[in-house]
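In what follows, structures are represented as structure tokens.
Heads up, the next two complexes both have subunit A, just with different partners, subunit B and then subunit C.
Let's look at the complex of A and B:
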């Protein structure tokens, strides 16, 4: 009876088919869910770029310059012979402090954190100084700020040569 | 042979009436049970209640009030959607318009007060359930459902907070969404994010972490407004609606409203 076609599966074959079927179903479902998850991350967004060219060092007066604050969230500060790019995100809970020229300090309106012109916190709930961004001179001698590279004072990173420009 | 039927009896004997109401009037125990069991809305309820289980002093009616407030929020919320546009250009002005340019200018306030009321009633309901020990077996699963509903209630409040698009809204959400930033491994400010680094390349940054997913951007901007609007008006209410049905059903299946021992 070797040539008779067998119509039924035995138990082992049945579970083999079942395992393959369910594995394929699980893989398809998982793949679809992964795609849906990825769908929530846009490939393009219309926010300001993470880096920008900010003119020549000689364009800046001594003190805090606010010209890039609204566009890029950065203060260019010229203080004690160096130029650095200070983040305008409060290190307490992420609001945006104001520069108060009269009192020579950054003051956050949300919970009252205060920072010196250097970005070091000294009053209010802020736990650490404002962050600085990478700031270098490009081949034309212009300032180039890269916000993807962050320098934190509490980690001793403000000594890094890319975190300031000597003027 | 037959007495002339009264008007009510005539109506009750029409095919239309009988197609809607399958059972006779709920004047005896059998019909009462049949009426509850045969109605899609009522059947989520227990067919029988212990009289002591619905004492106001025992239940505070807080679960029922939570549901009532949820329904009124759904109605006022849908009405608000006729005027509100979730874009940076229109959102704030539409909120003003809802007060100034529309009859019944307190519709938005009703929605806001209702939101506060729902948080209060849900908390009090949870407090009552805890104090009466109603979370104990066989009701422990329903306690879990209730905790999820509480979290979803708070998330509804949180997502609705952004929609007026004023200074309070934007900075409250800026602060609140920074909690997502601190999620272990998934947020760029959280523990573990520092470890996810290949050489100089940071894998978890503010451009791809869980906060970015929530806001649709690096900060609270127009994509965040749209996402919160969808979460607030569609996604979370749908989940809440399903879980409320499960919650009520399990009250019935787990032995009805708990009663004083």
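Let's look at the complex of A and C:
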């Protein structure tokens, strides 16, 4: 019969099919990998700037000021004649504590660590006080907070003159 | 009455309570495993559930979609624990009479084909499971929340339900301990069980009598530590991770006086009335000694009192690895009690090196 189909491939055809198959496979894999690679360049990059000017010292009332908390993760605290910038990262496992004005303390919602207004831990599992950031007055007399420089109480760094402003 | 239950569910009472219940369960497992007990318990529990559900605060918490798996978990675990002890009690009785366990009787030794016996069961399980999940997804909402914000945490911030035990552990430990070392030890310990357990008994049949130690230690870790902590973490921890009794309203402003103190402070400031030494090692010396004593003296003492037979049957290496794991496990409740009784924060506190015990 003339139109009887051949049921096997010859060598040349076989390699032809093989080449097409592998090329498609390689292209698909390459495309997927490209997609994965694309993920390393996010559309939106959340990288808040590490330093900011925070107005005049006279802008702040006594106590804890939350105006920079959402933008920079910093509380500006005026307490006993000094002004300092307190980090809002819990030293236990890095949650964000809340300032409870009624009880005059920072309280972490994750495992219940509590801190005094100074940032010193006193309840719950937090092993050390909240960190303070570098805070200085710039040439215009405004507050400048630099989050790249950290002062830790347990290392005795809170005495450093850059860690607070006397008001 | 509700006040009383609120009070009693505070871990300082309920944890020893859970431990006593557990010991009673092991001691009287034959009663616990009887059908009569199951029936009475079911009636009592249903009554209790009705009583608890009548309270609006409790109802709110128990019907939160996130918490429903925990309720299911507790129903299932109770049932299977009962089932195990039921079968174990039956077999133990038979073994005492010199008979073979039920699983070993001729009619139970008969073999069946995978197809259709197993495959059918599996098929039905798959269908039932899928249906269950679909119904679940329709009934309970899991809405998206607002976009993630790194400077804000929900209050209370809760882990997924299966990690709430770990989160509860974190209340008592440094993140390195409760987040890395203890979970690591749990995993390693579970992996090590087949290598440490040299007891050939209980293979293919239920028994308690013949595997007392293995079952008791495992169930202690599972029921009393893991599940109890999940229970506390899910139902009894409210805003700011403060403890709330089952009938209490989750008040954001509940004030709990707590003032945790390190052992070193207890020793130097409150005990000796001097200021803390500058040298870190000297400062923490008491904690270090206590911890060392726990292992160095505790181990031989325990071995002397209870461990001799095991030391012989397991061999030194197995025995000491086993004991190390047990001691680590037991250190968790010990630390919890120290926190409740003495407001102890850390036994060894070296925040300078991120090392706290």
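The rule is short, and it goes like this: the second predicted complex is superposed on the first by the 121 of 167 C-alpha atoms of A that agree within 3 Å, B and C clash if a C-alpha of one lies under 4 Å from a C-alpha of the other, contacts with A are read in each partner's own complex, and residues count from 1 in each chain.
Following the convention adopted for this analysis, a residue touches a chain if its C-beta (ideal position, glycine included) is under 8 Å from a C-beta of that chain, and two chains touch if they have at least 3 such contacts.
Computed from a prediction, not measured in an experiment: that's the story for all the values here.
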Looking at A:110 after the superposition, I want to know if it touches subunit B, subunit C, both of them or none. Which is it: first, second, both, neither? both
Give one of first, second, both or neither to describe whether A:102 is in contact with subunit B, with subunit C, with both, or with none. second
Is A:124 touching the first partner subunit B, the second partner subunit C, both, or neither of them? second
Between subunit B (first) and subunit C (second), which, if any, makes contact with A:154: first, second, both or neither? second
For subunit A, which side has the bigger count of touched residues, subunit B or subunit C? C
Return first, second, both or neither, reflecting whether A:39 touches subunit B, subunit C, both chains, or no partner chain. neither
Examine A:47 and indicate which partner it touches, taking first as subunit B and second as subunit C; both and neither are also allowed. first
Which of subunit B and subunit C A:69 touches, first, second, both or neither: second
Same subunit A residues contacting subunit B and subunit C, which ones? 93, 95, 110
Contact footprint of subunit A on subunit C as seen in their complex: 149-157, 167, 170-175, 179, 239-242, 253, 255, 258-260, 345-346, 349, 351-352, 354, 356
Any idea which subunit B residues touch subunit A in the complex? 171, 174-175, 178, 181, 202, 205, 207-208, 212-213, 216-219, 221, 223
What residues of subunit A sit close enough to touch subunit C in their complex? 46, 69-73, 88, 91-93, 95-98, 100, 102-103, 107-112, 114, 122-125, 127-128, 154-155
Note: in the complex, subunit A contacts subunit B through residues 40-42, 45, 47, 50, 93-95, 110, 148
